[in-house]
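Given below, in the form of structure tokens, are the structures.
You will see two complexes here that share subunit A, one where it goes with subunit B and one where it goes with subunit C.
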Partner chain A sequence: MANLNHVAPQQHMLRRFSLPRLLRGGQTYGVVGTLVALIVYNLVSTPRFLTFDGLTEAVNVNLLQVAPIAIVATGMTLVIATGGIDLSVGSLMAIAGAVAPLVFLSTLPLLSNPFIGITMGIIVPLLIAGLFGLFNGFLVTTFRIQPIIATLVLFIAGRGIAQVISNGNIQVFRGSNFVLLGSGRILNIPVQVLVMLIVIIVVAWVVRTTTFGRYLLATGGNEAASRLAGIPTDRVKRTVYVISGVLAGLAGLIIVAINSSSDASNVGLNGELDAIAAVAVGGTPFTGGQARVWGTLLGALLIQLIRFTLVTKDIPLPVAQIINAAIILFVVYLQRERKS
Partner chain B sequence: MAGIVSSKGERSAWLANSFVRSRLLMQRQGALLMLVLLILFASLRYDGFLTAFNIFHLLSYNSLFGLIALGMTFVIMTGGIDLSVGSLVALSSVVAARVSPHGLLLTLAACLGVGLGVGIINGWAIAWLKIPPFITTLAMLLAARGLALLLSNNASIVVDTTSDFNVLANNFTFGFDILGIGAIPIAVVILIIAYAVGAIVLNFTRFGRHVLAVGGNEEAARLMGLPVERIQFTVYVMSSVLAALAGALLAAQTFNGLPTEGVGWELTAIAAVVVGGTLLSGGMGSVLTSLVGVLLLGLIFNILNFENGRGLISITSFWQSVIRGAFLLVVIILQSRLTRTRGKVGQTPL
Partner chain C sequence: MAQTDPLLHMEHIAKAFPGVVALVDAHLRIQRGEVHALIGQNGAGKSTLIKILTGAYRRDSGSILLDGRTVDFQSPQQAQNGGISTIYQEVNLVPFRSVAENVFMGREPRRFGFLNWRQMHKETDALLSRLGISIDVTKPLLTYNIAIQQMVAIARAISFKSKLVVMDEPTSSLNENEVATLFKVIRQLKVEGVSVIFVGHRLDEIYAICDRVTIMRDGRTVEERELHTLGKIELVAKMLGKELGDVRKSGQTGFTVSEHRTGEKVLLEAEGLRRGRVLQGVTLQVHAGEIVGLAGLLGSGRTEVARSIFAADPLDAGSILLDGQQTHFHSPADAIRAGVGLCSEDRKAEGIIPYLSVRENLTLAALPVLSRHGIVSHEKQQQIVDTFIERLGIKTSSPDQKIRELSGGNQQKVLLARWLCLNPKLLILDEPTRGIDIGAKAEIQRLIDELAEKGLGVLMISSELEELTEGSDRVVVLRDGQTVATLLHEKISQDAIMTAMAHGDDDGTQIVATDEELQYGKS
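On to the complex of A and B.
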């Protein structure tokens, strides 16, 4: 049997999870450094920085918006690590967000029980999102369609599907326990942040220590060689798109819970771009073979923090976007340098 | 050197097999076939379809997508991608609206300048800084959109209708009638000229062959002595200039510079290029098939509008995106069945 160490690019993944692993490689120092600098700057110059978790809706930049983006970006990290991409996540967020209220607000006999209603309201959208992810996976593996085009289909059609499901209506719900997913707190930590952390920890652990994780990195590193080594590359890729779909669905649910409403035209808008940017800044190479899950979290945090800092300094949103773009380019450029 | 004997080499040997070649022909011309069939279907079913009014309107509007798809074809043939064209259209239309009081030439120059500027940044970052095209053009998508909003103060700017800039929206009259048609929209003339030039460049110039070589196997092209970076740089500049031109036309057609327009246009262009048969992995492609792809996608919309007009089925705008997605799905599945080389194993899609 082929020695997988030759196929899989890093040897570190045979070791157990440890904190210094996070900072492995110079690539991350730039991101962490910028992050720390921005945090310090904000602590000094922005009043009530640490308590800014209930920003007005008008400022569309909220530190807690990191959670949904980070969750989607985690799934995106896995997809990019296999050498693919998933453009459909924004639409999947919308679909999950559209389905959820239909389930837990339903007056059908079983579902009107609040506990069952909300549980189903979480499980059913995730299942549906996962099925759409499986659809993507099939297009990529069985039909051998380029991932960017395969996921383009749902990017175009998915939001329409969400709008058709919700009939174009914005579904508002107040007082339902579902909103706890967005605004609840456990031990004074917002639920969404906990969910985000759990997702990231689990995914990072899977990548580093499980066989599936090794298969994933091998497939991304060199698919032909992996296949010849006996790795079920098609199954790995399909699974990865399912995971991406489910995580996108989860993010959609959180957004809907935060807003106490589900607007199929707006949930997850540009979500795929945000996720991809976070992954890029986080250091996962687009050629595949590496999955820097914690790097992606740092990337998401950095991007959000930049936006936040710029907006609170009264820099107009368009300018903030330009600066954001420039910073993303700069960080990715730094990483290219070190890699080559 | 082992990497040079790639599957591209095997592919060309395999292409010599005429059975396979005919399948590829069917794949390429499949889009054209579908276009013809749809035109037949539409002209039989809808009374107003074959009128000059409808056809010119269809062509004028899609000339914008056509120009973008032309640039995108060249970019994709080098194995890259340009996500910034949609935002660039918006930016250019804002610039055009702002500069329009100064006349046609100055406005075109301004838009050209914008296109050159953005294209140079894209091309430089991709070719020499080696930042992946996806990320570079994604960042430019954000930046250009931001700049467009900034220059327009978040509102739309009305074009100066007294200026001669508006001639872009008019028709170009021949002195005579062809088949009862005395004039065609200037936008369509520009489209035809652009595609004619593009097709000539691709098929008959050295640059065109170099583009295909770079996309086919970048390392081999470099070792052959081709100026790979310069070629990559050039295609992104071309793409941006064409997008800027499309923006100027948009401003003329809608009498407004809209900073919020153009969202998602790059993906429509990519879809058109793929529908036309150009491979995303680069190295193979045709300019004219992209035009067919654009017309095909535009025709779907046109047919949907007619269908809505008949009142038998009411297709809301929500269903339209579902139908477009479904159509793209059918096309790409058919294409994957017609050719065995789609989706190369282990090759990066970006």
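On to the complex of A and C.
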């Protein structure tokens, strides 16, 4: 194990061998190594983990659940890169999930057209989730409330709002084409995976090439200096919470589409914790100023794979949770900030 | 005063941090019942010395005698039990607890295992009335102003039967009435035989309340005197390490141009800038192509002036004209658009974005110019970065290197380039050469010279008299938030600057305000 060896040349070797573009910074090898190790372990010990046709159906279904987590965690990565945190995402997932069926099952004249109905069924919940994100942003910037407290407000109230919207009912919609968002395939790739990849690619591109991306990293890296350099730090932060809200809404839509039903008390439950864990495992430091978008995807994958592995090994849930946490701790330890 | 039997005697104190030697050979001798001023420039070692005294730091060598006995405090708590209390600039009490709880925190009087509120309130009342204050001690601390909060901290200190109270810049956030109250309390402490170490910068206050003074410079104690035998100018000279009557020497800095071809045009005209107690009427002018030095002791309002012009801080009153036009900046972004740049004195806290590359740091303020539809043009960015790395001689392994890995001098060059690539009209530099090595320092000074030659107006704040006298075409001296002198060309000398810092009073110069002895403690 090279990790036990802290000699400088060793670290250089590791840096050279890591996937350079994808994992810039050399701190991601912990998650990559663990991920590879878990896959190898599963190939060896899990019967029919991988067949000649690809991943077996059971594995597939299980791993597909990574898409919504990864989408939420991508937004969370941006929030954390500004030095903030967004606890409200799980509740926003529930709100978007509750609003969608109300729109596309609506019998209003315009919405009863299936195409318009489903399009609006996607756009309206995302807008609403974005507005709630803007609310978070205002609390953080205009009212200078610490992000963990500011977003706690909607963490608590959001799920209640979702239940009020859906009248406390579980809304079932088996016949609607809306479920394609969760079960459809394009070129044999699941739609949700495509959506996830598009989100990650776009966000990674935004961080790397746009003015907004620089502003975001600068604001998180040193807010006082950024303001003196003329950066509209408050606007940057508000925007980031809006993005986080919209992506949480998107993840909520995918979940209700997978389930063909919307249950406001369950959609996105603990979603914020999964997302935060994925960001941490992915190597984005919580002090702000850096965003490892692809690392977050790896983090989400790792967390889901750990869960899958523990389930297939029939490990009792309480024990599984402890092992899960231990592995996360181990990976985060490997990737901790080293003093120069 | 019995010189033979001091309350506190610190001798030959030395302390080094990784990379920095904070104290070389510091001494401090405090008599019983005296108010002792501890003064020095930034980095002179005052705070390190205080922290060693109060057990927050360990000394490398030297001895501390308290009451004739050798002491070696391992923690602030031990120092407190040993009779030394510290009142910090920012009051460190618990705002939501009552005054009485704060005074007795950690050693509440109990009766049958319960808090004895009656005794606690009574004793707190008694303590505060000794200081001449009567307030409702059951109310939360935060309902009172900072001055009262400080009094509560002092009350807590004397309740420990402290023999020595250390006050670290106690007046910095107080208004004049509050200062008067504080001074009354300090005099009361003296009457009770308690000694006070008063760390501060305002000369008027020091002369109003202190008996003796210890002056520190570069980690050493350079003077210990009865205050009334030491004139203000002499004190300032000692603090800055100058001799009065020093002949003006040249060639100590990278500044070589003796006089810039200053344009007729007034570029910046600031008049009557006021904010709270820190700015009380600052007036200055900068012409195009001129280097204006802004001088003043710590706490004289230099940095505040810079930040106000740049719209980083609001003003209560005053007008700022740029190119003859009244400015209405709401944020630094507005100032930047109008062609103003500001390099902060605190590179780490307000300059660099540590984890971003040299490239991103250099072009941070220029991004709006470098991008179209929000997408940064990599070519344009690279072009600017290459140009300035070469022009300023920035030593970096590649533009992609993180800025935190660069030396202080190279970081400063990147920050200068951040503004220069915008081609500004006015550049405000707050201590542009502080904390960087001599080579880079001379390079930066030469660069400033060169920029002024090309027509840039420069407002340069500096604590170094050589930098001010050799670099500036005009020196504006601030004292207690006021412009007290404006020196032009041949009138610029270290003596003249020091005199103005001390008295605001110098023959043959334009005097904007005269020295007024503020009488505190009469109310």
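As a working rule, the second predicted complex is superposed on the first by the 303 of 340 C-alpha atoms of A that agree within 3 Å, B and C clash if a C-alpha of one lies under 4 Å from a C-alpha of the other, contacts with A are read in each partner's own complex, and residues count from 1 in each chain.
The working rule: a contact is a pair of C-beta atoms (placed from the backbone, for glycine too) under 8 Å apart; a residue touches a chain by one contact, two chains touch by 3 or more.
Source: prediction; values computed, not measured.
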| item | value |
| --- | --- |
| Partner chain(s) touched by A:Ile170 [first = subunit B, second = subunit C, both, neither] | neither |
| Which superposed partner A:Arg227 touches (first subunit B, second subunit C, both, neither) | both |
| Partner chain(s) touched by A:Gly289 [first = subunit B, second = subunit C, both, neither] | second |
| Which of subunit B and subunit C A:Ile161 touches, first, second, both or neither | first |
| Partner, of subunit C and subunit B, that touches more residues belonging to subunit A | B |
| Touched partner set for A:Ile149, first subunit B, second subunit C, both or neither | first |
| Which of subunit B and subunit C A:Val140 touches, first, second, both or neither | first |
| Touching partner for A:Leu131 - first (subunit B), second (subunit C), both, neither | neither |
| First (subunit B), second (subunit C), both or neither touched by A:Phe212 | second |
| Touched partner set for A:Ile85, first subunit B, second subunit C, both or neither | first |
| Residues on subunit A lying within both footprints (that of subunit B and that of subunit C) | 222, 224, 227, 340 |
| Contacting residues of subunit A [partner subunit B, same complex] | 83-85, 87, 139-140, 143-150, 152-161, 163-164, 168, 222-224, 227, 273, 276-277, 280, 286-288, 316-322, 324-326, 328-329, 332-333, 336, 340 |
| Subunit C to subunit A touching residues, read off their complex | 310, 312, 331-333, 335-337, 342, 344, 349-356, 360, 364-365, 367-368, 371, 374-376, 378, 404-405, 418 |
| Of subunit A, residues touching subunit C in the complex | 209-212, 214-215, 217-218, 221-222, 224-232, 289-290, 340 |
| Subunit A-touching residues of subunit B, taken from the complex the two chains share | 81, 125, 129-132, 134-136, 138-143, 145-150, 154, 267, 270-271, 274, 280-281, 316, 318-326, 328-329, 332-333, 336-337, 342-343, 345-346, 348-350 |
